[in-house]
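Below is a structure I'd like to ask you about.
Per-chain numbering from 1; labels A, B, C and D assigned in written order.
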Amino acid sequence: MINVTVWNEFYHEKNHEQARETYPNGIHECIKSFLQSDEFQVRTATLDDEECGLTQEVLDDTDVLIWWAHMKHDDVPDKIVKRVQDSVLKGMGVIFLHSAHLSKPFKALMGTTCNLSWREDGDLERVWVINPAHPIAKGLGRYIELPHEETYGEPFGIPEPDELVFIGSFEGSEVFRSGCCWKRGNGKIFYFQPGHETNPTFKIREVQQVIKNAVEWCKPELRSAELDCPHIQKIQ
Amino acid sequence: MINVTVWNEFYHEKNHEQARETYPNGIHECIKSFLQSDEFQVRTATLDDEECGLTQEVLDDTDVLIWWAHMKHDDVPDKIVKRVQDSVLKGMGVIFLHSAHLSKPFKALMGTTCNLSWREDGDLERVWVINPAHPIAKGLGRYIELPHEETYGEPFGIPEPDELVFIGSFEGSEVFRSGCCWKRGNGKIFYFQPGHETNPTFKIREVQQVIKNAVEWCKPELRSAELDCPHIQKIQ
Amino acid sequence: MINVTVWNEFYHEKNHEQARETYPNGIHECIKSFLQSDEFQVRTATLDDEECGLTQEVLDDTDVLIWWAHMKHDDVPDKIVKRVQDSVLKGMGVIFLHSAHLSKPFKALMGTTCNLSWREDGDLERVWVINPAHPIAKGLGRYIELPHEETYGEPFGIPEPDELVFIGSFEGSEVFRSGCCWKRGNGKIFYFQPGHETNPTFKIREVQQVIKNAVEWCKPELRSAELDCPHIQKIQ
Amino acid sequence: MINVTVWNEFYHEKNHEQARETYPNGIHECIKSFLQSDEFQVRTATLDDEECGLTQEVLDDTDVLIWWAHMKHDDVPDKIVKRVQDSVLKGMGVIFLHSAHLSKPFKALMGTTCNLSWREDGDLERVWVINPAHPIAKGLGRYIELPHEETYGEPFGIPEPDELVFIGSFEGSEVFRSGCCWKRGNGKIFYFQPGHETNPTFKIREVQQVIKNAVEWCKPELRSAELDCPHIQKIQ
């Protein structure tokens, strides 16, 4: 059993008509609904919750954290960001979705701007599988077709991914490294580009498959109790 | 002064009308013509030359080797392939163009299939700059536009590149890692996808710029006289 | 159940007194004896077997191949080497031990010299865990102590590993990247430095643990039936 | 001409007898003295200076920043840390020395703990060259010998380096990734482990050579004026 926490800033779905219609209960509940299963125990947390719903206790009990956010990145307190970052470095897996590329925890873990180019024209996107043997691509065909997505274009201001799983191409010819893996400390990180709040992207079977695969891939191998810089003794 | 050797199998341009019209003197002479300058001393060699024009003496005097080939990969003797591979591992730079992805020296250096998906429909291609600060992208805009190119699609059977500089997207939505860098031994390797024999791709200014930049990037840092596995003594 | 094939050139143990005493039934039988379990189905193969014991049928039925060799690298026919390499690229895992760094399949998969510096003085070696969260380091402490090993020193002529798990240090102060991971095609590759034929290294519990862990890590994610370069059609 | 700024917290050399004796004018002045040349224009800055001596103007005029710090990491204001980080992402090169592994700018750029194991016993260290063709190893032999250094041991909590140039080994058998390269945004980063404040490490010729080489390697390829996330238009 893998314990998953789905975090969502949950702003658009309460304030913008099109997002509300697409995800009436919020993106987090949509993700929870397709993840919840015999293998995954799923809880949700949002910006409105006390401490963003991410107390140390919750994080300690989370194997994999999923993060969706867009407009309210700055409302997440630095203390929470540090707590999330440290949990990843201790071994918790984390999946950043779509506009979470500019979330504080993602930027803290990457160390870079995480900037990209963007436009909103509802382009058709094809997300191509670059690495078919990667666990995150399991069960997919050559590409995933998304009828409408926000366009994200390169350059994407990230460290060279340890493994590149997907590259997306858009109707307007832009390309984007849409599925990227990194290991940082004991933890695994996956960034996945699809998932604009006004497109029903998370209702597409292959997108759900990717997220399920990513949860499996991200689950901790080893979890440290502490992050320290130990004073050692010479071996006798 | 950088010594460049441009190698071409030189088959299509003698046997296929459209290739001959595009490159009447061969692709190697076209590449030589835009490289030759105060900074680059350029010679050419082809499959027809004795020892493919790649004697040990020639390779020892070559800083950067450029390789174009397509139909006649198997006609390059294994002895020459080994000589090229060893020269790279000793420090010579090498640039593989387009269909050279299946050339013996490239496959020997990669250790993988180097397979890809392909179709010939004369698609428009845009080669997007992923890494604007990379020396090979110097002087380019956001992308290079190629009016017609052979379509190469992922998955591309290569080791994860050390640095990914370009991703191409085609009219039919396919994507391809079009500019890839690796270091192997003392040598640097660059693969560049554009350059089908019936398209005047090598006459496009930005393509020429990439190849010039790549020659600069590939030039040897250190050149070993030998490749050995030395017996050492314990430090006293 | 993971199907493991342990390949050994099986020369020293028949021809050199000290190796025979250390591994009277051969290194392959020693490795088989500690691997064989409910999780691993183990067979062996040696240079003396027809086709080196590595028919296509055997490889197709092998999840992870383990390779030990030293003096007889050149006696492995190129046809077998290609078969092993292709099996890895299709998805079979492979573990190269100690002097297998110069084996033909390892060199073919790396594309480099795989040279190193060496001396035989029976130094104490400590193999340090660099990446404690890596599955191959599971269950280990900070280092593995080997009372006597052949000294391998840098530079090691390999492509930069995708993941570095161990670094060894020797009594004479030499260092070596002793545990290296790569992905090539669909397959995973692990190189592990300890295991000289005259030292009882494979009888050390932690060394056995590493090899068991590596078998688990190397097992195929996806296995392709063929390696091809497909002609595709434009998506309509 | 490369503009170098050497930053030093400059605390030990004013407050601890042994550090004062080793570097009476501070580590920054020692480094400046061996760098200053026809190729390098060198200035210094310390924690005592207004804005740590690192105004936007100074950073904009710096090609490569060198950072030494140990006890006073927390005294560097977050505003300055962000300014340094952004300057690197825009293209400025940066070299972190020794105990700067826990400096705020290094940790911000890495996104990890940057923790390590340590002890102070004045061990002999040998810094082995892993990658002889790397520009930072230019002019060195097989290893650099440091009669006495603080011992740094693995695991080192960093992202897998893009290129590993040196591995150090200590009298007590510990190993450490002593020379690590990363690219982040447009900038290049080098971490070099030697340089304890009470050992005259920076007076050793090969250590000076490494730092000179690293300055050359780190110099900007491309410098962006801004870090932005641009809204683009569909190509017509």
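Note that a residue touches a chain if its C-beta (ideal position, glycine included) is under 8 Å from a C-beta of that chain, and two chains touch if they have at least 3 such contacts.
Owing to the predicted nature of the structure, the values given are computational and were not obtained by experimental measurement.
*Asks:* So if I look at the partners of chain C and the partners of chain D, which chains show up in both lists?
*Replies:* A, B
*Asks:* Report which of A-D and A-B is connected by more C-beta pairs in contact.
*Replies:* Output for the comparison: A-D.
*Asks:* Centre to centre, by mean C-alpha position, how many angstrom separate chain A and chain B?
*Replies:* Roughly 37 Å separates the two chain centres.
*Asks:* Can you work out the whole-Å distance between the CA centroids of chain A and chain D?
*Replies:* So the centre of chain A lies 32 Å away from the centre of chain D.
*Asks:* Among the residues of chain A, which are close enough to touch at least two other chains?
*Replies:* If we look for residues of chain A contacting two or more partner chains, we find 126, 132, 153, 160, 162-163, 173-174, 183, 185, 235.
*Asks:* Name, in rising order, each residue of chain A that touches chain D in their complex.
*Replies:* These residues of chain A touch chain D: 85, 89, 102, 108-113, 115-119, 121, 123, 151, 153, 157, 159-160, 162, 172-174, 182-185, 227-235.
*Asks:* Would you mind writing out the residues of chain D in touch with chain B in their complex?
*Replies:* 91, 126, 132-135, 138, 162-163, 183, 185-187, 220-222, 235
*Asks:* Taking the complex as given, what residues does chain C use to touch chain D?
*Replies:* Where chain C meets chain D, its residues are 126, 128-132, 143, 153-156, 160, 163-164, 167-169, 173-175, 177.
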